[in-house]
Structures are given as structure tokens and as C-alpha cells.
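These are the structures, in C-alpha cells.
Here come two complexes built around chain A, the first alongside chain B, the second alongside chain C.
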Partner chain A sequence: MDILVVHLFNALLYASVLFLIAGGLSLIYGVMRIVNLAHGNLFAIGAFATASAVGQWFAGSTSGWLFLLLPVGAILAALIGAALEPTLLRPLYKRPEEYQLLVTFGLLMILEDVMRFVWGPYPISASVLFEKLGSMHVGEFIYPRYNLVVIAVGGLAALFLWAFIYRTKFGVVLRATSQDMRRASALGINVNLVYVEAFTIGCFMAGLAGAVVVPSQSAVLGMGVDALILAFIVVVIGGLGSLEGALVGALIVGVIREIGITVFPEIELAVLYLIAAGVLFIRPAGLFGRTA
Partner chain B sequence: MSSRPTRRDFLSQLGVTTAVAVGGAATGMGVSGIAHAQEKPKGTVPSTPYKIGHMTFFTGAGAVLGEPMYKGNVLAADEINAHGGLLGKRKIEILKADEAAGTDANTKEMRRMKLSEKIDLFMGITSSGNTPALGPVAEELKLLTIFVDGCTDFLFDKAVPNPHYIFRITNIQSADGATCAVGVAQAWPTIKTYAHIHPDYSYGRNCYDHFSVVTKKLLPNAKSVSEAWPKLFATDFTPHITKTIAAKPDLLVTSCWGGDYVALYKQALQHGLFGKMKVATTLGFGSAPQSVGKDHPEGVLSGVHSNYHFTYPAGDRWPLNKTFVEKYKAKWNEYPNFQAEGAYTATYVLKTAIEKANKLTGGWPDDEAIIGQIEGMMYPGPGGYVYFRPDNHQGYKDAITGFSKNVAEYPFPILDPNRIITIPIRNITAPPGWPKGEPTSTYTWIDKTWPQMKA
Partner chain C sequence: MSGLSPSPEMAPPSASSAPAAFQRRSPVKVALWSIPITVVLIAVPWVVDEYQTILLAYGLAMAIAVLGFNLLLGYTGLLSFGHSAFFGVGAYAVAFMVKYLHVQSMELFLLAAIVGSGVVTVVFGYVCVRYTRIFFSILALALSQVLWSLAYKFFWVTGGTDGLRVPTPKLLGVGPAEGEDKIHFLTHRYYYYVLVVFVICVAVMWLVVHSPFGKALQAIRDNETRAQFIGIRIRAYRFMAFLISGIFTGIAGALWVPLNGLTTPDILNWQFSGEIVFMAVLGGFRNFTGPIVGAVVFNYLKTYAVGFTVYWQALLGIVLVVLVFVLPTGIVGTTKLLWARTRRRTSR
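So, the complex of A and B:
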């Protein structure tokens, strides 16, 4: 019984992080119809920023106040997002999609090098936060309490986003813009502002994901590309542009991965792709996707 | 079979030795590292730069191995250049290329470096996935090459079975799994069950195979009870740890390295894994030494790619190591790993081969003469002697592993100086002439020729 609880925690842990990354990617696509290939690197920047704030600026400190530094990565990623959208992406909305892919792919590579330049080639960790909370007993198993924090952050983010999009005026504006940008604009909505805000929120979520995983996993070069691929699997399953899809997709991936590792260790790598392929086969637009 | 040996007898037949610390204080024994003074070269030597194309991981998670490799190469080149260069005339110039570009792009870059940049030597490579692709291209281009790592047995077993232009300096991959298993059999002969966590690519598979075959011989009663194959460069090991703990093994064997290993041990700590089982690694301490923290538990069998750890040989017993570590620390403000030692030694192997060839032929020796000198060369590097077998161009040096320990001198754990395990390399690798086998020649050699121990 206790092992089932541990497996459930593990699945939720993975799903929480995936939801934050894929949710941001999906939100940006839903509103702006941009597939941001650099999204994974904003996740990585979130991880590096929090890791350097906790692990380098305050190296050696074990104060509980360090938890206040956790959002540093999310804030930095959001600031970068707020700067990128008007400068790099806005000029391209009227052009064919290939341009956006090329620009965001170029950005992916630039950010990868920027991270290496700023933080160097070696992994940085912020494990003091992970260790600070210690572990608890789940039956005969020992489980890190910090993982429950990550699960809570993912859950709260989902709740907050839902309330934000379906229960606030800004949410209405956001949905209106996403459904018909021209008409929204004609109704007097400042579309440019909506775009900046949506892009910033998306990047904030990616950065937050990086910030919450780094205490237990450390920041390493290349983590952004891996995260991007996983986020794509989630949105392929859930449907690009749908937040519900990102949530359900992340939960499916979290649970299946846990089962895969436990029961079919030999095909751990393949299992997620097989599911994505299966979903594409049955519902090409994903479980919650809108067929164009 | 009454002739079955006991484990202890067989381990001593293998020459497995546990070193005991010798006082490391420098007491003015008058040894001062490699003498760089060289005789005047014969004939006229051009003064054009000698170009080395160095390809390794500068980006991505592999940079924890790639950066030290490059730094070892640069340190050696700077030292040689300070004395005028190769044969006192030709300064070494190093061109960088990023191995993270992917296997396909790497082969193109190798061609470009040879054809456009006119490099004289290709050096580097970290990944086992890249040497089998680049080896045949180097042979085709007639490009003198010293791979530092990319240690798969497959390279010289299958991809380039009769190499002419390519060499490789750090130990062959199968030595890692075998060294780890020998270390386990010596330290913890009573284990009955073990679990695996390996990154799912050629290195992880190779470690799994060779750990298994050696353990089958040395600990016939021990059996594997769990396997997990995380993706290479994964950072979330929570499910793999849960699975391992649930299987209740006596021992965990892992070949995770770099950032993967750091994430694995930190998460394992919070799951209480180290209190529940012994842990053995093949490459846990192989990355830049400072990447592992003092929170790492002591007494873990901590592999260094069966190659080199900067604390061994210690003190004044092997001054080449002492001076190398001092110079590396002075230049890069960090301690070298096995890749740094490999690239540093490779550069000096090249220098030595060129000087020997010059004595024979005069002037600047052609590649054939240099190759002839590297084949069969035994060179004393910081980590010990490395021998280049003429038949397969693989560098062999005695395998080493040890147990993690925290000491006051370093801000990270090192190998316990009192419990270093060394194994003569010829006793754990297939000998010259042994037929090529599946999955490796060393595997079939161990399987067919090692006796099974008494249970």
C-alpha cells in the first residue's frame, strides 16, 4: 500500500513540473499561435537563476529565508519573456510560420550559449532547499518533503491559471483575443498588450518550473532541450493551445512514466513516444485540441 | 570441479591490490616533474604551427567531461609552446569544435577541419556514440587522431578493427564494469542481491554487461533483482530510486555520471537509499571533482572510469602526478579529472613520438613515422604508465577505483587514500589476438576463461 502512495507522489511530482512547462507553451500558442522553440531554455534559465541565487550568492547558508529566493528564476524568465515578445516576435506575426520557427530556434541556441557564458559548463545545485525540509516516512519508505512542495506548486498554478482565465476580466480579454485577434482588436482591445502579457505569463510558468525542480535536480546545460521535447509530448497528447489538455496530458505522462519505469524498465525511453503516437493516431489534434 | 579457486585466491591472481597510504608530505626529495629540456632536433624543421583540431563537449550536459579534456590539452600545449613548440620549432595551435553538434555534424566538421583548416592532428571526443562514426572517417582522410575518450569497445572490435591513423588513450569501456565488479567482490563478498540504474545508451549497457559477467564469476550466488534505465542526462530519478528501494537489494550498481550522478545521489540521500544498501559506481567521481559535494556519503565504491583520480598516486611517490595537479590547479583553478589527464598525456605522447621519429629520420617526421613511434609506446603520464597496443591502437593503463571519503584538504570528497583498488589492466581486458566477440571481446574472454568461484 505504502509503495502505491510513493508511486502516486512520484507521478504527481513529474506531472506538476510538466504541467508548468507545457502549460506555458500551450498558453502562448493558444493566444498567439506561436510555437516557441526556446520555451525549454526559459525553463533552464529559471533553473540556473534560482540555483545561482541559492547555491552561489548565498553558498553555505542554510537559512529558511532562502526559500524566498525560489521565485528568482521565474521572475527572470518572465522579464526575458517581456523583453523578447515586442522586440523579436512582434515583427514576425504577419509572416509565415516558418519565420517564427526559425527565430525561436535561433533563440534556443543563443540562450543555450548565454547560459554557458553566464553560469559556466558545470552543474549548479541549490540542494540546500531540498535538504532543508528533510524527509518523512510513508510506511517503510522515506520520502523527501520537498517533492510535496513541488506537487503543491503545480497544483496551485493550475488552480490559479484556471481562475485567472475563466474568472477575471483579463481572462475574458485573453480568450477573446485567442479566438479572433482582429475582432478583439476592432472592439478596442490592446492586442499588443495582451500578447506581451500572455507571453510573459507563459515564460513565468516555464521559469517557475525550472526554479522548483532545481533544488532536487540541479541545473545542467542541455536541460532546456529535454524539457522542450517532454513539453511537446504533453501538448501532443493534450492538444496544443489547451490548458486543460496540458494538465491532463501532464498527468497521463506522469502516471505512464511511473508505470513504465517500474514495470517495463527496458523501454522507459520509448514509452512516452508510443503514447504520443497512439494519441496522434486516434485524435490527431490531441485529446483537448481544436481541429482547425 | 574441485579445482575451483576461492575468491580470495583468484583476486590475488588478478593482481588486485588495495593501496595503503604513504606519507604524502613533500620533503625535498629533489624530483621536479617532467624534464622538458630537449635535445636539438635533427635536420631542418619548419616553423609553421602544428594544428590540433580538438572536438569535445563544450555545451550540454557532457561539458562536465569535455571542458576538463580541452583544458588538459591546452595546458600541455602551453607548456610545449613555452619551450618553442614541437621539436623546439612548431608551436601547437588548437582549434575547438563542439561535439554537441551531433554525430552527423561532427563527421562533417572533422572533414572540414582536415580539408579546409589543414589540421595535423585530431584530438578529443567524449561520447561512445561518436568514436565509431569518426574513426572510419579519420582513417579515410588519413588524419592522425588520438581519441581521448569515446571509450566503447565497439570502436576497435568492429568499427575500425585494423586501425592505422587512429589511437585512443583512456581505458576501454569494458574495464569500467569489470573494475566495479572486482571492487564489489573484494569489498563486499557477502552480497546476495543487487540492483542496476544505468543511463540508457552504449556506456550504460556496456557497464551492465561487464558488471554482470564478472559478478557471475566472482559472486555466483548474487543475483540482479531490479533494473532501471533512465535517459542519458535525466535529472529526475525519483521513480528509479523508489523502484530500487522497493526491490530491497544489498547493493546498487550505477553508471550514471556528471550532472546525472549528482542529481541521483542527492535524491537518493533524501530517500534514505544509502542507509539501506551498499552503492557502487563506475564513473561517479569521473567528472570534474568539484561537481560532487561533501554531502556525498562515504564508503561508496566511486568509479573514475577505471582511469585516474588526481589524488593517486599520492605525494612524492609519482612526482609526475604531483606536478601535473599543481600546474593544472594553477592554470584553471580546479582539479583535473581523468579526461584532463588523458588529453594532457596524449599531447605528450605525440610530442615524444615526434621527437623519437625525428631522431630516426631527421627533419619533420611524416605521419607514418609518428604512428610507428606511438605503436607499442609505453608512456609515463600523471596517472601511471599507458601502453599503446600495436594491434588495436588502444591505450591501456592499470585500472583504479576506490571508496569515497571526505578529508579536510578538499572541499569535495576524494578516493579514500587507504583503500585505493588497482588492477593490472591486462588481467581484465581481452589479450591481443583474442577473437572478436559479442557484445565485446573482453566479455567473451571473461566468460570463457575466468573460472567460476566457489560460492
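So, the complex of A and C:
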């Protein structure tokens, strides 16, 4: 029985990180119809920034104040996003999709090396935060408390995002732009501004995911690309452009992965891809997607 | 932009970059271009050093893959982010033949690659061609990643990240001569083998895209609804294009693997698909010759970028971004444009 609780926690942990990444990806696609292949790199940048803030600038410190450094990665990713959208992506909205994919693919390659340049080729960890919270007992098992923090962050992010999009004026503007950009523009909405904001929020979420992940695992080069592919699976299952879909997709992937790791470790990844392909096959727009 | 209305970018009215320009070209004119280039390619091992010849052999093998890929992107309007799957299947088919059947004949390798990539494309194509645009791209990507994860995890079959070794094959039943070193074999006999297969593939692809079938694909690309109205069975045609495309890429994988001597899961990963897309865009995917030029140039570009800096990936990324913004028609498209411009100026 207790082992089930541990498995459940693990699935939720995984799901909340995935939701943060895939939710950002989906938000960006929903508003500006761009699949950002460099999204995983923003997740990695968030991880590296927080890791270097905690593990390098304040190396040796064990103060509880270090938790305040967690948002550093998210903020850096958001700033980078705010700079990228107007410069690289805006000229592309009117061009065919293949060019958008190509530019974000180029961006992926560039950002990967920028990280190598800034933070070096070696992994950086911020495990002091992970150790600080210690662990707790789940029946006869020991479980790290920090993981519960990550689950809480994922849950809170989902809640805030929902409130933000469905309960604020900006949310209304965002949804209007997403549904019909031209009409929203004709009604006096500054679409360019909405795009920058949506892209920044999306990048902030990816950066936050990186920041909360990094105390329990090191920031390594290549983590962004791996994360991107998993986020793809999530949004394909849930539906590109749908935040509810990203949440449900993340939960499905989290649970399947947890089962997969214990029951069929060799084909765990293949099963995830096959599920994604199966969903696309039956419902091309995903479980919650709008049929375009 | 609804999926039904033809977007102006998808069907450029400028005939200078559209494949339709080839239609007016007489066979004599085609021969005028292609024969000197073939002669140059034949002369290469005698003129340049071994290293350059091997690089060119890599480039020619990749050119077959990109040529196949471009039947989908340039002629059918489908951007596949999963072509690494077919390349990888071609390469792994060869490696499995070596490891489990102890075959050495290159002809059997090619046959295995054609059968293997054919089977995989039939399955993938059946699923993928139901969709277009971004869904097609992502579905192809997801399916190719299935193969990657299998190659990665089933290490007792595929060698995992260590990959599988592929020794020098026998060409038409004849292996390397007694005492002939591998480099000499690869830069002479194997190079010519690759060249012959390359020329055959180019010729076949030329016939395909200039056949009524190829014209139908272009009609589907330019306007799906009208193509349907004139009686083209869209899905069947897309499926055929997908099949031909995948088999070409599979052949390229089989030719590539003896050059490399090793096959690893990297060539199944979606980033390798990204490189194939890169090559097509670099050369210009609106042209028949674009993918060939793109594959050869990319191969040099990557090799020298890797030798030049550890940040070669960023360098390639910058090239890609600049390409999209400044030269969206690629090397061949831009050259043609400049050529047409100078001719107009001189004729005035």
C-alpha cells in the first residue's frame, strides 16, 4: 500500500514538471501558432541559472534563504523569451510553418552552445536545497520532502494559470487573440504586446520547471532536448494549444512513465511515443485540442 | 489562413524558383548541365586527396537521402521531421545483416535497406499521410523517436549507444584487394559505387518528379482541394510519395554506413532529421538540384565547423537562421535568381 503512495508521488512529481514545460509550449502554440523547438532549451537555461546561483555563487552556504534563489532561472528564461519573440519570431508569423520550425530549430542549436559557453560543459547541481528539507516516512519508505515542494509548485502553477486566463482581463484578451488575431487587432488590442507577453509567460514556465528540477537532479547539457521531446508527447496527447490538455497529458505521461519504469523499463519511452502517435491517429488535435 | 486556401508563399508565382521551370528545359539542356558535373565527379578521386574524396562520398550518400526527403517537402508540401527513421533503418538493416547473417555483399545490403525502409515507410506512411502541416511533422517525429528509443534501449540487439560495427563490404562480390588499405578502397572503388547509385537515384527521382505522378504531387502541394476536384486521390498519392521518399533515404543510410564503419542510435534521433531538413533548405527545396547541393555543402560545412570551434552547433544554428531570413530559396534558388538578373541586365 505504502509503495503505491510513493509511486503516486513520483508520478505527480514527474507530471508537475512536465506540465510546467508542456503548458508553456502549449500556451505559445495556442496564442501564436508556433511550435517552439527551442522550448526545451529555456527549461535547461532555467535549470542552469538556478543551479549556478545556488551551487556556485553561494557555494557552501546552507541558509534557508537560498530558496529565494529558485525563481532566478524562471526570470532569466522569461527575459530571454521577451527578447527573442520580437526579434526572431515576429517576422515569421506570416510565413509558412516550415520556416518557423526551421528558425526555432536553429535557435535550439544556438542556445545549446550558448549554455555550454556560459556554464561550461560540466553538470552543475544545487543539491543543498534538496538536502535541506530532508526526508519523511511514508509507511516503511523514506521519501524526500523536496519532491512535495515540486508537486506543490506544479499544482499552484496550474491554478494560477487557470485563474489568470479565465478570471482576469488579460486572460480575456489572450483568449481573444488566440481565437482570432485579426479581429482582436481590429478591436484595438495590441496583438504584438499580447504575443510578447504570452511568449514570456511560456518561457517563464519552462524556466520555472528547470529551476524546481535542479535541486534534485543536476543541470546537464542536453537536458533541454530530452525535455522538449517529452513535452511534445504531452501536448500531442493533450492537444496542442490547450492548457487543460497539457495538464491531463502531463498526468497521463507521469503515470505511464512511473508504471513503465517499474514494469517495462526497456520500452518505456517507446510506449510513450506510441501512445502519442496513437492519439494523433485517432484524434489529430489531441484529447482537448480544437480541430483546426 | 485556413487549410483550404492556397497560401501565396506555398505557390510562388516566380517561375525562376518553381520546379515548373524545368518543364521547359529540353533534354539537351539537361545533358549540358549534368554530363560535365558527372565527369567532374568521376575525376574527383584522381584530383583531390583522400580526405576530400571521402567527404564527397558522405555528401553524395546524404544527397540521396535529401533528394528523397525533398520529394515530400518540395514537391508534396509535407515537412517530415522523422526521416532519420528511414535513414537509420537502412543503416541498421546493413548492420544486422553483418552481425546476424554474416553477409558481406553490398548489393544484398542495399536490398535489405530497401526492404527494411520500405516496410517501415509503409507503416509510418499509412499513419502519417492522413495529416498535413504541423501534425504530419510531429507524427513523423514521434514515430521516428519510437525507433530511436528501441535502438537505444535494446542494447543486446542493437549495441545501444556503442552501436554496431560494419566492416568494408564486397562490391559485386569483390572485396578489398589483398593488401589494399581501407582508405584506398573507400576513396576509389567504394566512391564509384556510391557515385553510380547516386546517379541512378538522381535519374529515377528526375523521372518521378517529371512524370504525371510528380505533377499530381505538385498539384496537391499547391492546392489540395482543386487537386481533389480534378480526380487526384490525394491520400494514395501522398502515400506513394512517402514510400518513395523513405526508400531513397533508406538506400542513403545503407551507402553511408560502410563509410562511417559504425551505426549508432544518433542517426535515428530526431535531431538527425533536423539536419536532413537543414540540408534541403540550405540547397533550396524548391529546386530539383537544391537538395543535392545542400547535402554536399552541409557535409563540408559541418565538418569544417566541427574542426573550427567547439561551438560548431551554434555556428550551424546561426547559418540556419540567416538562411531562413536572408536566403529562403537556398543556394540553388538564389544562384538562379542572380543568374536570371544578370542575364536580363546584359540582354537589355
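The rule is simple: the second predicted complex is superposed on the first by the 292 of 292 C-alpha atoms of A that agree within 3 Å, B and C clash if a C-alpha of one lies under 4 Å from a C-alpha of the other, contacts with A are read in each partner's own complex, and residues count from 1 in each chain.
Convention: contacts are C-beta pairs under 8 Å (C-beta built on N, C-alpha and C of every residue); 3 or more make two chains touch, one makes a residue touch a chain.
Here the structure is a predicted model, which is why all the values come from computation and not from measurement.
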- Note on the structure: So, after the overlay on chain A, do chain B and chain C clash or fit? They clash
- Message: With both complexes overlaid on chain A, does A:G106 touch chain B (first), chain C (second), both or neither?
- Response: second
- Item | chain B versus chain C as contact partner of A:P91, first or second or both or neither | second
- Query: In the superposed arrangement, which partner chain does A:G139 touch: chain B (first), chain C (second), both, or neither?
  - Reply: neither
- Query: So, does A:V35 touch the first partner chain B, the second partner chain C, both, or neither?
  - Reply: second
- Query: Which partner does A:F281 contact after superposing on A: first (chain B), second (chain C), both, neither?
  - Reply: second
- So, A:L269: does it touch chain B (first), chain C (second), both, or neither? both
- Message: For A:R116, using the defined touch cut-off, is the partner it touches chain B, chain C, both, or neither? Pick first, second, both or neither.
- Response: both
- Message: Contact-wise, after the overlay, does A:I229 reach chain B, chain C, both or neither (first, second, both, neither)?
- Response: second
- Message: So chain A touches chain B in one structure and chain C in the other; where do those two contact lists coincide?
- Response: 112-113, 116, 265-266, 268-269
- Query: Which positions of chain A touch chain C when the two form their complex?
  - Reply: 35, 88, 91-92, 95-99, 101-103, 105-110, 112-114, 116-117, 225, 229, 232-233, 236, 240, 265-270, 273-274, 276-277, 280-281, 284-285, 292
- chain B partner contacts - residues on chain A that touch it in the complex: 3, 6-7, 10, 13-14, 17, 112-113, 116, 121-123, 125, 127, 130-131, 134-135, 141-144, 146-147, 213, 216-218, 220-223, 226, 257-258, 261-262, 265-266, 268-269
- Item | Residues of chain B defined as touching chain A within the complex | 58-64, 66-67, 100, 200, 227-231, 233-236, 238-240, 242-243, 245-246, 258-259, 262-263, 266-267, 269-272, 288, 290-291, 293, 295
- Residue positions on chain C within touch of chain A in the complex are 3, 7, 9-10, 73, 79, 81, 127, 130-131, 133-135, 137-139, 141-143, 145-146, 149-150, 152-154, 270-271, 274, 277-278, 281, 310-314, 316-321, 323-325, 328
